[in-house]
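We just call them A, B, C and D in the order they show up, numbering each chain from 1.
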Amino acid sequence: MLQTINANYETFLQQFKDRARLLITCPDQQGIVAKVSKFLYEHGANIVQSDQYSTDPAGGTFFMRVEFDLPDIVMKKEELEKDFHHIANSFQMKWKFSYMSHVKRMAIFVSKQDHCLLDLLWRYQSGDFLCEIPLVISNHPDLQKTVESLGIPYYFIPVNKENKREAEQKQLELLQKYQIDFVVLARYMQILSPEFIRHYQYNIINIHHSFLPAFVGARPYERAYDRGVKIIGATSHYVTENLDEGPIIEQGVKEVNHRYNVEDLKRVGRTIERDVLARAVQLHLEDRVIVYENKTIVF
Amino acid sequence: MLQTINANYETFLQQFKDRARLLITCPDQQGIVAKVSKFLYEHGANIVQSDQYSTDPAGGTFFMRVEFDLPDIVMKKEELEKDFHHIANSFQMKWKFSYMSHVKRMAIFVSKQDHCLLDLLWRYQSGDFLCEIPLVISNHPDLQKTVESLGIPYYFIPVNKENKREAEQKQLELLQKYQIDFVVLARYMQILSPEFIRHYQYNIINIHHSFLPAFVGARPYERAYDRGVKIIGATSHYVTENLDEGPIIEQGVKEVNHRYNVEDLKRVGRTIERDVLARAVQLHLEDRVIVYENKTIVF
Amino acid sequence: MLQTINANYETFLQQFKDRARLLITCPDQQGIVAKVSKFLYEHGANIVQSDQYSTDPAGGTFFMRVEFDLPDIVMKKEELEKDFHHIANSFQMKWKFSYMSHVKRMAIFVSKQDHCLLDLLWRYQSGDFLCEIPLVISNHPDLQKTVESLGIPYYFIPVNKENKREAEQKQLELLQKYQIDFVVLARYMQILSPEFIRHYQYNIINIHHSFLPAFVGARPYERAYDRGVKIIGATSHYVTENLDEGPIIEQGVKEVNHRYNVEDLKRVGRTIERDVLARAVQLHLEDRVIVYENKTIVF
Amino acid sequence: MLQTINANYETFLQQFKDRARLLITCPDQQGIVAKVSKFLYEHGANIVQSDQYSTDPAGGTFFMRVEFDLPDIVMKKEELEKDFHHIANSFQMKWKFSYMSHVKRMAIFVSKQDHCLLDLLWRYQSGDFLCEIPLVISNHPDLQKTVESLGIPYYFIPVNKENKREAEQKQLELLQKYQIDFVVLARYMQILSPEFIRHYQYNIINIHHSFLPAFVGARPYERAYDRGVKIIGATSHYVTENLDEGPIIEQGVKEVNHRYNVEDLKRVGRTIERDVLARAVQLHLEDRVIVYENKTIVF
């Protein structure tokens, strides 16, 4: 139903081919910002945005995200990263350059519900999301036509207790084949194994249909109804081995009242879920999220 | 610091001396609304507002709140209630008339923190709350001057493990002496005994400093910080024997981010707490809350 | 891209074929609720929900919405309405019965932007909206494929200064041919003539991309950007002869900051617009909106 | 009614006596961040937070706020500023250092309504606001006792058409005498003259009781009621010569419905106003606001 891809997309990529982001985590010390910005300046970069945060200026952990333009960066990547090694080592940095010339490749996992999937596809098509969606994987055939009508391959891989390991093996092969950078669980109702998660650490984004940590686990809307809450919510987080306990990226809420039965909560919840998931994916696409001690710094 | 009571208050009471509210809970059946509204009409009442809700029109539970004016109702109360008995019995109703000529008498319990107390007192003085506040009880002396400067008696009753029973005894005596209708725990950091609660069933309103059911119990802001949530909240509920599990009246939330340390969460949280508690008290004062199966219907 | 219509839809209609709503506006007097509920009771109806509001119990205007079940109502409609005439006249009522057995027929007008259209179609398909969408009309061909892939006819009627009157004539003929009950302007960027509007008084719902009455007229996001507002919004209202001044049904907002350029405001705005419009349509479908003196009572 | 000042206040000031903020506005060019951070590093500063924004990296306007610790900064201020001149000139900067060792001195102007005043005083006393409040000025005597009970001088200066110039003269003398840094109009219902405003450019904070630019001018709640809006709001902005058109610092909103009469809107509005004003004052106190072309960058 969606149209062919936004014509501005290519223009956009052309415009930002020289842009990159640098993410840093390290022990806080004096002079980090000065060193990093001097380094970028001397390499011909123009800083477009710079954010930093420290858990404690006196000996805490320091986080930084710098977005910058550097002409012909594609050809200078290796040199840039090699040169940065010296600074990085002297400050004991964990660091990563991310280049907008590499368009991130996102796989979507889905079950039967379509609202999160449709919203992700709409944002992809409208040009809001700068990414590729090379494939959709599902444990149900229901959404095949929807996805394929957009020219995106749809892989139906049934999952049950017996075949879970093999199913995940197939999924991983597909992700590798399509060179997937990160995975979005758009109401994919299966629990992934620790082995699977390890392949995409902090690169699997889930949407949980409650305001975590309230209603961890199954049937959150039913439990919200039983508890009589006056606000419901949704939570997008990175998937870790502990169900619904990964680092929270984004949350959203909406007021409800006693007139909302479980179906009403689900209906309202769907609009929260799709919005929260889309915002989390947007933040991830823009390299705005740093994970630290099971929490996120969102710049 | 607050000024003397709003001059419009008396005028207001005069204006609404003939107003009453009728609250009903009963098995749903055909004809309830017709019977009740006919009854009121025949007794000379003019219905000002009427709300109803049914968990299931086919055999569920029915709730109704009617607000009406009835000239000289004060003198007709007994007759009205006696007459209503027949209808009530035929529908197996739990019911209650509440008359605005009786100004509700609210006791505030407080510990050391002043933000909820100050907000309640301000709303009382500004005429937003139509109630009397005959006394404030605290387990600390800190807020005595604040309260007494308004001409409200302040009772300092220390509470510890050893004297808890006696302390509650003293509190109950005071509540009785001052003919208190309901109690507001404005960040009163003590757990009340089941015996105490039984004296004021669904008439003790607490503010919990989290978005329940997340972070039940102590130190919710610290735990919200540790979990890295992106939204914090507060919950006002009736106190029952199970800590933080009573029927929720009202909830509120605010967005936060990684820059908020525990102190920041507490600071932002204070403004949520006072607003949520004030809204809950307002709803209670206007007889808008019906409790059913540990949930609230809020009309 | 959306799937074929929800299977529960038919079941749902079957379940609610006996349900109806009665909307009333009249001068406030004693006994209205009693009379109306007695009338319904005596005709065998079971009241499911009842809401009322009075601008002033002493001589203001009274509004009422009653939702009720009445077995075999389809066959009793004429009698019911005839009988009700007596009550209606005695209270000088404006009144309307609305029967759920008649599924409302909604036409969507659209230009080039797809976000509101897609959201309406998704809610229609997912069964959230109980309505028919017999056609979509547009002054651009862009969204034809999207709409037709769902089996909904798409009429491309170009509009310019010269042909406006004829274009509207064609539109009106189509609306008549398809027996349309109400029209939704899903970011249809044309101003309708007073003649057109008169045919569908309070039955044309528009979404304006600002928080009215701020930024009436064209280019609201550009003007919001220039003014430096910290919150943007959208407003759904009934269309009247005065541009953007019709009765407001629903509004929504979102926080923004200096980092949002005009494109960002539009992007965020799109998610507000679609949500607000969908909520307004839902309220209209459920006969919850009464217009009075260019304002809405929303029950 | 409020208690004596928070004991932690002094401790807090002691802790932050070496902290300062640098605010910069200049044409965007390469190397600004590098130069500024190198400068601070070489002067022994540790950057605690750094924010920047550019209207357009290719030739727009650049804004920066750096918060840093520099041991014994009080004794090094002059040297620091002198040294910074060279950088500032080469980049054509508008710039300002702000030292936390100088506690900002805030004057509050008030008329009769107390809600904003009380909230500011509470935040001051609770230690949320790091500032001094040396005086309150009012055109009415009503709030004298409230203010003086906290040991804050209260100046009652009546204002009318005839004496406006003299009244402002008196006010300005007081502000000078008490060395006031900025003025907060806490629902002060008088329009200040351009002459007055010029003395405190972008240092007078007003709270307007509507969601600007909707309902500029008088009686916004009455007009919101007449228009039938579903959301009301408040706006805090710097005062300029054009009434209600100064740069917006902060806005807040709340949902309402047809049941809210004008008094209800005012009641709900009061809680929005006090929250929005307090947040704006907090941002100003922390030097987070830069004004540019009648808009604010809020870091």
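A few notes on this one:
The definition used in the following text is that contacts are C-beta pairs under 8 Å (C-beta built on N, C-alpha and C of every residue); 3 or more make two chains touch, one makes a residue touch a chain.
Chain identities (UniProt): A, B, C, D = Formyltetrahydrofolate deformylase.
This structure is a prediction, so every number in the text was calculated from the model and none was measured.
Under the contact definition stated at the top, the chains bordering both subunit A and subunit B are C, D.
Set against the Cα centre of subunit C, the chain with the most distant centre is D.
Of the two chain pairs shown, A-C and A-D, the one joined by more C-beta contacts is A-D. Both subunit B and subunit C derive from one sequence, and where they touch, over half of the residue numbers involved are common to the two copies.
Separating the centre of subunit C from that of subunit D, both taken as means of CA atoms, is a distance of 43 Å.
Between the CA-based centres of subunit A and subunit D the separation comes to 37 Å, rounded to the whole angstrom. In subunit A, the residues touching two or more other chains are 53.
Chain contact summary for the complex, subunit A toward subunit B: residues 53, 211-215, 227-231, 233, 247-253, 257-259, 294-298.
Contacts from subunit D toward subunit A in the complex involve residues 30-35, 37-38, 40-42, 44-54, 57, 69.
The touching residues of subunit D, when paired with subunit B in their complex, are 1-3, 114-115, 118, 121-122, 126, 128, 142-143, 145-146, 149-150, 267, 270-271, 275, 278.
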